[in-house]
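As structure tokens, the structure follows; a few thoughts come after it.
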């Protein structure tokens, strides 16, 4: 038996921090950072007698997220208490939603492993509060509790177990991230923990019932999610192949060792004793409230994609890639507005810039330069001030030290040689040094021209104007 | 003139006529505390020195015209589960023995806005769980009518302090009778407002869907005055109702002609002390005499209410008291090496037995497998109780019952059997379950001279109706003119 | 309705209470007594009735998304049994 004999079943629980100004149940700022315990008040510190009041924006953002993922919005909803003890949970219960989530029964479309469109069903989206943070105390021993994050609003999106591979799981998560970014409900920064995913994985042989699933936590990048799923699939298959049984448990992914570890202390019985929070009254959303939000939803990736192919003549594939990230898409639109050259902008973003992102394991939102800077670079190529070869160097430089491309090329001395005399000098030098190529060309081998131009570019370290080189070589060769 | 025997409306008049000064009043109460507190034990913390300097400050400001307000400088006592910034809020628990509140409850802000003077924080059953104040982690409170008896509870300190004249009035809280029952035991007036009339922000939660803060006073007019101060919509409490404010002193008409009174016979059946029953019958006869229309009817909800009450209250409490974990505030055990021991030992050592019992019960009824049989059913019973009361209020303006089946009992005589103790709440809990207003006023004393309380229940937000009914009876019978606590018994 | 000692111990764990043996025995009896009494809710004529989670008719009570800074941050930490660099100190937690 091998891995290919098993079918993999994956479901995701995705937590996204909402980008509201204040916390879900109190008026403290949600801003990331800040000295420990300074973004706190009696409510989020769970002082005796303090009471929660729901932030209206949290409801609005959750409804937005629900509408953007094709969910039904509940007319009747409520908040429930999930009771458990942990030092980062000051009330010893989390206010969440149990049996009446705000949004239910949605779906998003992703590309499956064969490249076909696939619907991934969303079971529910509900609102809840984030916990605080435990810091390791490097001096005095013990741990230290910081409650700045306690009460930051989250939406939890629970998928049905519709995903069949790590790649699909990644595509699904990227899709959600992109949607939430588009509708501006979350900034979805995985590195800051504002987007987190718990992954349920099970394996079974086709035609048999689903296997027992394990839940993995603590993955904080797309890469670690893919790795964790791959690891867990292999682990489960190994266990089964060795005649063992999978235990339903929660696992912690350790990125350093590339392994999962059992998380829950066996002695801690889990029984959350959900019940409706008596401090908070019911949520009843009228039709016109929901319609108003639906009407004002920002443009979603699907519609942008449509526009990119019809208006800008981009290929389906390129349009898809560009719109996958709102940041990338905004960069595209911003740059194009200035330089009015959609194909060039798309090319730069999808080739050189994407390659560098990959190499650096960066997400598009971490691109350090602006749309203006990108557009300027493209205009410099159009004007002939620099060659595309120099353009590539400018992009690399923009990642390191983002500033006006004109300044970059001045500083670096990368301005294209467009002076006819200088170009001629180079052309003559190269022709002299390569008599073989000259005769090849004359014998009808057109390729020889390319070689000669290449040599001239090398000679000028990419700074010669390629069109002028071409023209001048032809003139000389045809003499 | 004995200042501490005056009601607040009398004090107010004497302040207005300059017969008395703010300092004189505060001084009189401080003296009374010094005289009686050792016998009664109503306080957890007193603020006598602070009160005297505060009185001076207010007096100057009143004289200079900087503050107006006819109640400025009147002292008050506050149950020790209501937060006052910078003061301890102990809930009479070892858990919060040293807890200094970082903020004011909404009602505290309202008292401050009137420039009332806080004389101290009043003793209670730990976390408001109990009906005798014997469950205070610090000390018992004695009933001023008989020092060998309990003052009732959980607001026993508040009721005893008012009865003993150590405060002119006080705030209590009522989850299942915790204002009305001690008021009844101590021969004073106690009102539990309609759920949502008074903000709960800053009241340490026992059972969130039942808790209400309310006044404990010497007479009905004072009750109306204090209710005026503490009511009002609060954005910090989503269960606080946004309704127009009523001036409750204006509704005291001294007239019950045509008032339709329902007398639910189940509340006068088994378990009700005969003398209590007899006093209630006299009171009802009085109402007839005053022109009210009285009718007996059946309201068979008391037992269901009581069961439902203990399920809901304990379930909510088990969750509300989770925050006492020894991390951010409150008692922390010395006996721990890891987090679990820190949690468990802090909670086990910090909570008293009754609190632990209720946390256990509440955890049980919410736990998987029992939720539907208990918690869910109890919430359905709640719907039933509400609809039964709704039906009753179609026919009657008020419902009259005993406040408690018994009068104040001897300290130490009852605390061994929890179920028996819970059954004693039979007359009061329905009111909380249905979220209605209820007032307890004295309607005589039994053969041992212990006060008997009458409960008048109104429809939601009908505080005006029950206050007028209570006022009219009070004016006709003048309980305070005829009976006074005598501080009988006590140290042999 | 019978409550077992094991159940009481399980409930104590959920409630994070550490009960002594005699407390376990006592609470087992108490819980059984009280639950037997409370069981009458199951005889109440409540068929078809909805649950009242509160008695409040309010709904949609929301707060505006406006920052209000709590002014006395120091007071929020003054009751901490143990603190370090403005954080609550607890025994080491392995996450």
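To keep things simple, chains are lettered A, B and C as they appear, and every chain counts its residues starting from 1.
Simple rule for what comes next: contacts are C-beta pairs under 8 Å (C-beta built on N, C-alpha and C of every residue); 3 or more make two chains touch, one makes a residue touch a chain.
If you're wondering where the values come from, they're calculated on a predicted model, not measured in any experiment.
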Counting C-beta pairs in contact, does A-C beat B-C or the other way around?
B-C
Central chain of the complex, centres being mean CA coordinates
C
Where the centres are mean C-alpha positions, what is the separation of subunit A from subunit B, in Å?
56
Between subunit A and subunit C, centroid-to-centroid distance (C-alpha), Å:
39
Which whole number of Å gives the spacing of the CA centres of subunit B and subunit C?
23
Listed in rising order, subunit C residues that touch 2 or more other chains are 14, 16, 53-54, 56, 58, 61, 63, 70, 76, 88, 90-91, 93
Could you tell me which residues belong to subunit B and also touch two or more other chains?
99, 102-103, 209, 235, 238-239, 318, 322, 325, 327-329, 339, 343, 363, 367
Among all residues of subunit A, those touching at least two other chains are 42, 45, 47, 53-54, 85, 87, 145, 267-268, 271, 273, 278, 280-281
For the subunit C and subunit A complex, residues of the former touching the latter
10, 13-14, 16, 53-54, 56, 58-70, 73, 76-77, 84-93, 95
Of all residues in subunit A, which touch subunit C in the complex?
20-22, 27-29, 35-38, 40-42, 45, 47, 53-57, 59, 78, 85, 87, 134-137, 139-146, 218, 252, 267-269, 271, 273, 276, 278, 280-285
In their complex, what parts of subunit B are in touch with subunit C?
85-86, 98-100, 102-103, 195-196, 209, 235, 238-239, 241, 303-304, 307-308, 310-311, 318, 322, 325-332, 336-339, 342-345, 347-348, 351, 353, 356-357, 359-361, 363-365, 367, 373-374, 376-384, 386-387, 418-419, 422-423, 433-435, 460
Enumerate the contact residues on subunit B facing subunit A in the complex.
81-83, 89, 91, 96, 99, 101-103, 105, 200-205, 207-209, 235-239, 315-316, 318-319, 322-325, 327-329, 339-340, 343, 363, 366-368, 371, 375
Subunit B contact footprint on subunit A (complex, rising order):
42, 45-54, 81, 83, 85, 87, 90-93, 145, 267-268, 271, 273, 275, 278-281
